[in-house]
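Pasting the structures here.
Look for subunit A in each of the two complexes below; its partner is subunit B in the first and subunit C in the second.
The block that comes next holds the complex of A and B.
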């Protein structure tokens, strides 16, 4: 008997250690498992409090003024100084986006450095020039790009430090006229980008494509084997790209397709007197309105050389591409013109050999179709001169697709409208575009930042990591720098609006990077029943033996307690018996 | 699989280039060794149209022979060549799908895997596979919930990644998939309502599987009749199976939720389920919205107004400001005085639930403008869970074929 208990006690652990063993399972699970589980499943969500400060930045709030330089043609420097001061006072600062300044003598040196100069006004003698102000866009002119403004004929009063000119004095000095002209050029509220223009992107790709509709149909040298695109780009596109350098980094690609079929058959019409020599009646092929909208056959034309560019490790990943297509209809389909251009003229239309048809596709590019494609007879090469018209159109469309504003018609003179300026972007357009872009990037940055904070508060599963917070904070910093205290401390004249632009551009890029940070994808929302469905099969089988053991232990303990109680009663009874026996003795 | 490829072929035919289509296929059925027609996928039992390889429409080819003078016009019809799959196999998962939508892809991803859209893009999302109440299965081991889809669309709206969006789901209980979308300018449609299966259209006995789903089949059938220049509106699209049929009208009365007055689309009897439509988030008039807004890449071209004949005379002017929108037939003034065009639209970004602000003249104006300018940018996400029925029941058809062979011998 005693040996059996001894053996039992050595094999089975004591009830104390048994209970410890059983309890250690749930205790370890609770003490270590739950914190570990919490740690691994928690979503890192850092504070984005910095965003709160950008709410104060209003959309389009640009305090920085465009410095406009004033000079006078001919004699009389004293009056210019007076006029400039007077205009700055006559037009209140909150009504204008510009600030007049006198031309310094040293400015002459900066004219030749190729960059777009700051806008300037040239005061001209009323007697020699027309009264209305205009912008000089004749490239050969020495005052190219300047706003020619008629100088007031009356002598101007010298203004003291605090004196304010009377309204009639202002008017006589031409303040109203100046305000109108300047509002057209540099409006207080900057233009938003027109709908056909692409959204601002720092890296842009231009793709110039020469398309032979069907080179095999053009016997021998009649097809365009190649084009002198480099020369054409140098002549027509390069100046524009250089002028826009502060905004865009441009990648240019070119491509030649020898088989670019259309998806439709153009209509045909007989025309008299097409303008060709020895030709009184001939067939003209027409592209209707609906055909034009499906003209670019993206399905069969392999446009774009993105892959090649990619192999050369040019980072083109997200570049918007503007495509400029020079389409050469195949033999037997010439001339190919837009039906629109023939409308209303009956049969009296003449199509000169140099005619081109062109249309623009918003946010995509433009298409040029020469009626009679020129090329060099011997080798089928197109020289840059033969593509002059096409590239002039491309240049114009390119500017518009990038959102460069054109000069207001009211400030254009008739005699200048036929000019073909080498540099199309005047300082006025540049400054106006700069203000537009500053506003657009500011809005974009503020919008992105606020939408990040809105999304983070709405989607609870969205992680907010260190990188995101870093980007958001630097973006906010850049915005506050651009519009905040910097201006009070040092108003660096050389920085000016360009400095603001650099900062807003950076702010917008950083905000975008924060928004598109790959860590921001919250994976995922699970409904509660999914959680049970996942955890139950995992934990139920494990917990069964533990729970059963605990129940058993509890039962055993209760049994023991019961046994001990009855044993205790017996012991008492025994004691009682013993005491009675003692009494009896 | 055939569902998705059919949709892919259709949108490509309607002018959306591959660079603007993101195609996700979880399985490569065409090149599966168990496919009896290697390198080909068919959407009908007659196997007229191979959706995968050459894309040659044999019917169209026959027509060509009959009418040689139409030869050139037919060139384009057969021209859907090849399939460009952007995400395949195990790349097709919930995470990647959400990353594509929200644009949060790792920097090394090539452009073809990016959804490079902006506030002027229209997006069409097509989802098919196995689904259930509020979810859609990916790859047999994970699923996307309707709430995840809703949040992803919400984030896209916040970042102005779309102008208009259409979500089309063809799964069982598909209508539950779009219930949690809350962003404006979204129109959503699904093949079947809660508790309902979405059935296949017909079987191909030679392959031994069902080839295409009913809902998709009828949608594609309708779209087949549409070409690039089509003026068909979404209203026409959803009236797909003639509203003159009395059955539809009956359902109009019984199911006012699913068939609201205008959107009396698809015939439940033919489709064998009740397709749903959700347009409370879509502020535009369906009669004004073209089908090609979503399914086609129709660019609206503009020519300078002063150009017209001037171009024929060989002149090129520089500062032309008036542009003439060919298709819309109205002059659009651009350049400097274009002023605040999109601001009205942009302000919509914050109040998501307030759809009442969409009503009124300003909205229709915004719509005209955006739709006229942006059709070239139509983007499209086609997503598919492949592995439809092709491989699943292939084995069952095999013994039959073998026994036939034996008989012949």
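The block that comes next holds the complex of A and C.
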């Protein structure tokens, strides 16, 4: 027996090395498997720490001032200089968004385009214009676009480097009046984009569509088979597009539809005295407010241009399309007017033959419906003159949809009303819009960046690749460049605002690109079922012998310990017995 | 009724309808729109009808009057100088019906070909196919380089619009034509399916019969300053059914035909037309044979090998030269050395005048095989081409893998006719009327080929099999490493026993 145990102990490894051998399998598997698993299922998540620096930027931008050039009509350069300095001091810097500056002769002569873009105050003799300040919007006028401001009648005190004018001096020089006028033109807190205007986008498409409700129903010549849209665009739309060039790259297209059925049947009313000759009572078709809001029949009108889709297949940024619809109602549905235009004393309403109904669809475009489409030429061709009314409306709505602020009414003179107020963009509107856009793009960029950071921190599986981090960092850089290390030099401030605008625009575009980066969407996701289905067939049968061997060893070890313990107890008991016997002896 | 009298009837119908065709004069000063409806009675009593919408426009880059911007813009942006697209559903019965009225009708399924200017034609081609897939709600997006070829001998550019560029051609035999394709088609037409001839295009007439086809033909000059767009829809209808349908359509719309610039004498009148002394149509017992008949079948059984057998018969008294074109997907591997050309059951290698072969590259390029064949009068030539079917990856199978794969129709090109035609064009012959134009291509029917279909649970079987083997191996190694050896004392008596 003892020889057999001896042989067994020589041919078998010691129980210690056996347990090591058995345990080495799961240990090696785990030691290599877990890092390997981690490596293969890990996702690239780079740091977006740069976003943290952006949070303070939002408030800082307002300090940027618009430089307003001052000039005096006629002579008296010294007073202008004094007045300008005085105004800059009288109105505290934190209450204004502008800074006055003197026009330099050389500068005025050299840059014509720049002069149009920069706001301009013209001090005029109070004797000639004893009234309130106003903005000159007569296009032919040499002072077009300038704020005509009455010059103070009193001689102004020369101010030293650090001297502060007394309040009564300020008032006498017109500082209150100036402040009110300027606050209306360039408010300290820039206007936010109105709800109907589209969110800023660099590329905008204007789509002009001529819709014949049903050209075939018209045996007469009031349907339009063609229109001289190119001429109309050149006359009415191109000047506006050119003025907005620093903001938008505009694509213009046009289309004619010969069948544009309405989704609804317009209501009808009998009207007396509709303005038509020899007509005592006639039927008028009306479009109610609710019908107007659902006027565009997107299912049946093929308005879709698809241009953006093909041009911008790669870029995710959306390029809005503004649609301007000239809708010609079909025969038997004329005159078609808006219901609200008939309100009031309904009986006495007249509809002149040239009446048009117009309504604007927020963030979409505008619709013009001539009550009586004009009789066309022999070939059904609409000349640009016939479309004058419609395109004037389109131009007005276009500016509103792009968020261009209109001139405040208090600064418009009555005699200039025939010059289409609000249709020409003055430098004041331009600067105001610039401030609005700078603010909007800054807020949008900061918002987008913070939401990227929030999203990434919330969704653990979201990969953050090199491209995303690159875009985010360039966006943050552009923002800090725009506001962080801003030069305080007031002279370059107007160019500065333009430069700030370029940077915030870029920041916003980059932030958007990072946000819509497709790599962020591709979450790495392994469903549990898949893991089990793939790994169970291998690991389950492999782990069985390992676990069984471990259990066996544990059992054996326990048995051994038990055996050893009983043996030890017996030895002890024997020893005890022996010692007692010895004592007894 | 002999075929010649049928042709006569056709021209008669056309001259009748021409004045009624709607013409939109000078929408923008140089744009024009013209629509026509052409009827042609077929020998077996059915009627082929062709709706034809012809748009000519100048400078349509930004301002559109009659052109549909959704269609022309993607073509312009991708520098397409000429494009032909056709969708065909059903089988055109060449033996009974001759050729379709429109000259660009392709084979069953979708066929698209384009000449593309400038560099990177493949990318532009992909952009165009994706755009058209979106416009027509079709699966043209499936077009890949692996099925795109360039058989420029068979398809020639419009002689009036020759431009430098790459030619690309594709056939998608599985594509069908349905209402969902008709609706976007009508949206491209200025009349939108409301008035004019397009108002007659009701799906229950056009799609209820044996065969219907739809397509566009687009040509544009170098700087896109002159665009010519033809939208067409051709269908073979059964006049008896059709009469039923149209009367239903009339009652619903009120006065049926309503066209702009409609000849005032014709409006609201019955424009029914008949032969003099015609009383009833007598179905012919025998239909006169076509000058050339062409058919193709699959031979062979099993999932490894197969064969294509094309039969071309010259029914005329003069010898003819034709080109037989097969564009086969890469998973068909033809054995060109076993190509047999037979005449009356006997090998006739002399019939095979020319051969052009572009072998396929796996997953990149299809096989193009072009055989020029001379056929003696009144003889039949059989071409037999054996092939191997390749095994394709299990991910390359369509969802209904057991249905089989569609083989695109083969094309027979009437070479001799084309040669005479090109000579005539060079001599400044006025272009023929649409229905008189020579049709140079005959399409065979498409074929359904059975490829070995895998068991799609295979990957899991493989995983389990491999895992089992590995586990067995691991178990034995593990046991060997951890086995406990013991000494067993054997009783010597037992040993003896």
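Please note the rule applied: the second predicted complex is superposed on the first by the 446 of 585 C-alpha atoms of A that agree within 3 Å, B and C clash if a C-alpha of one lies under 4 Å from a C-alpha of the other, contacts with A are read in each partner's own complex, and residues count from 1 in each chain.
Everything below uses one rule, namely that contacts are C-beta pairs under 8 Å (C-beta built on N, C-alpha and C of every residue); 3 or more make two chains touch, one makes a residue touch a chain.
Fair warning: this is a prediction, and the values are worked out from it, not measured in the lab.
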item	value
First, second, both or neither for A:542, with subunit B first and subunit C second	second
Partner chain(s) touched by A:179 [first = subunit B, second = subunit C, both, neither]	neither
Touching partner for A:447 - first (subunit B), second (subunit C), both, neither	first
Touched subunit A residues, subunit B compared with subunit C	B
Shared subunit A contacts, counted only where both subunit B and subunit C touch the same residue	261, 300, 304, 306, 310
Partner subunit A, residues of subunit C touching it in the complex	24-29, 31, 62-66, 68-70, 73-74, 77, 127, 131, 187, 190-192, 194-196, 258-260, 460, 463-464, 466-468, 470-472, 474-475, 478-479, 481-482, 484-487, 489
Complex contact set, residues of subunit A against subunit C	4, 7-8, 11-12, 18, 21-22, 25, 214-216, 225-226, 229-230, 251-259, 261, 300, 302, 304-307, 310-311, 313, 379, 381, 533-534, 537-538, 540-542, 544-546, 549
Complex interface listing, subunit A residues touching subunit B	184, 191-192, 194-196, 199, 261, 263-265, 289-300, 303-304, 306, 310, 316-318, 337-338, 340-341, 343, 345, 349-352, 354-364, 367, 371, 389, 392-393, 396, 400, 405-409, 412, 417-421, 424, 432, 443, 447-448, 451, 454-455, 458-459, 515-518, 520-527
Subunit B residues touching subunit A - in the complex, by the definition given at the top	12-13, 15-17, 19, 72-73, 75-76, 79-80, 94-95, 98-99, 102-107, 109-111, 114, 116, 118-120, 145, 147-148, 151, 154-155, 158-160, 228-229, 297-304, 307-309, 311-314, 316-321, 323-324, 326-327, 332, 334-343, 346, 349-350, 369-370, 373-377
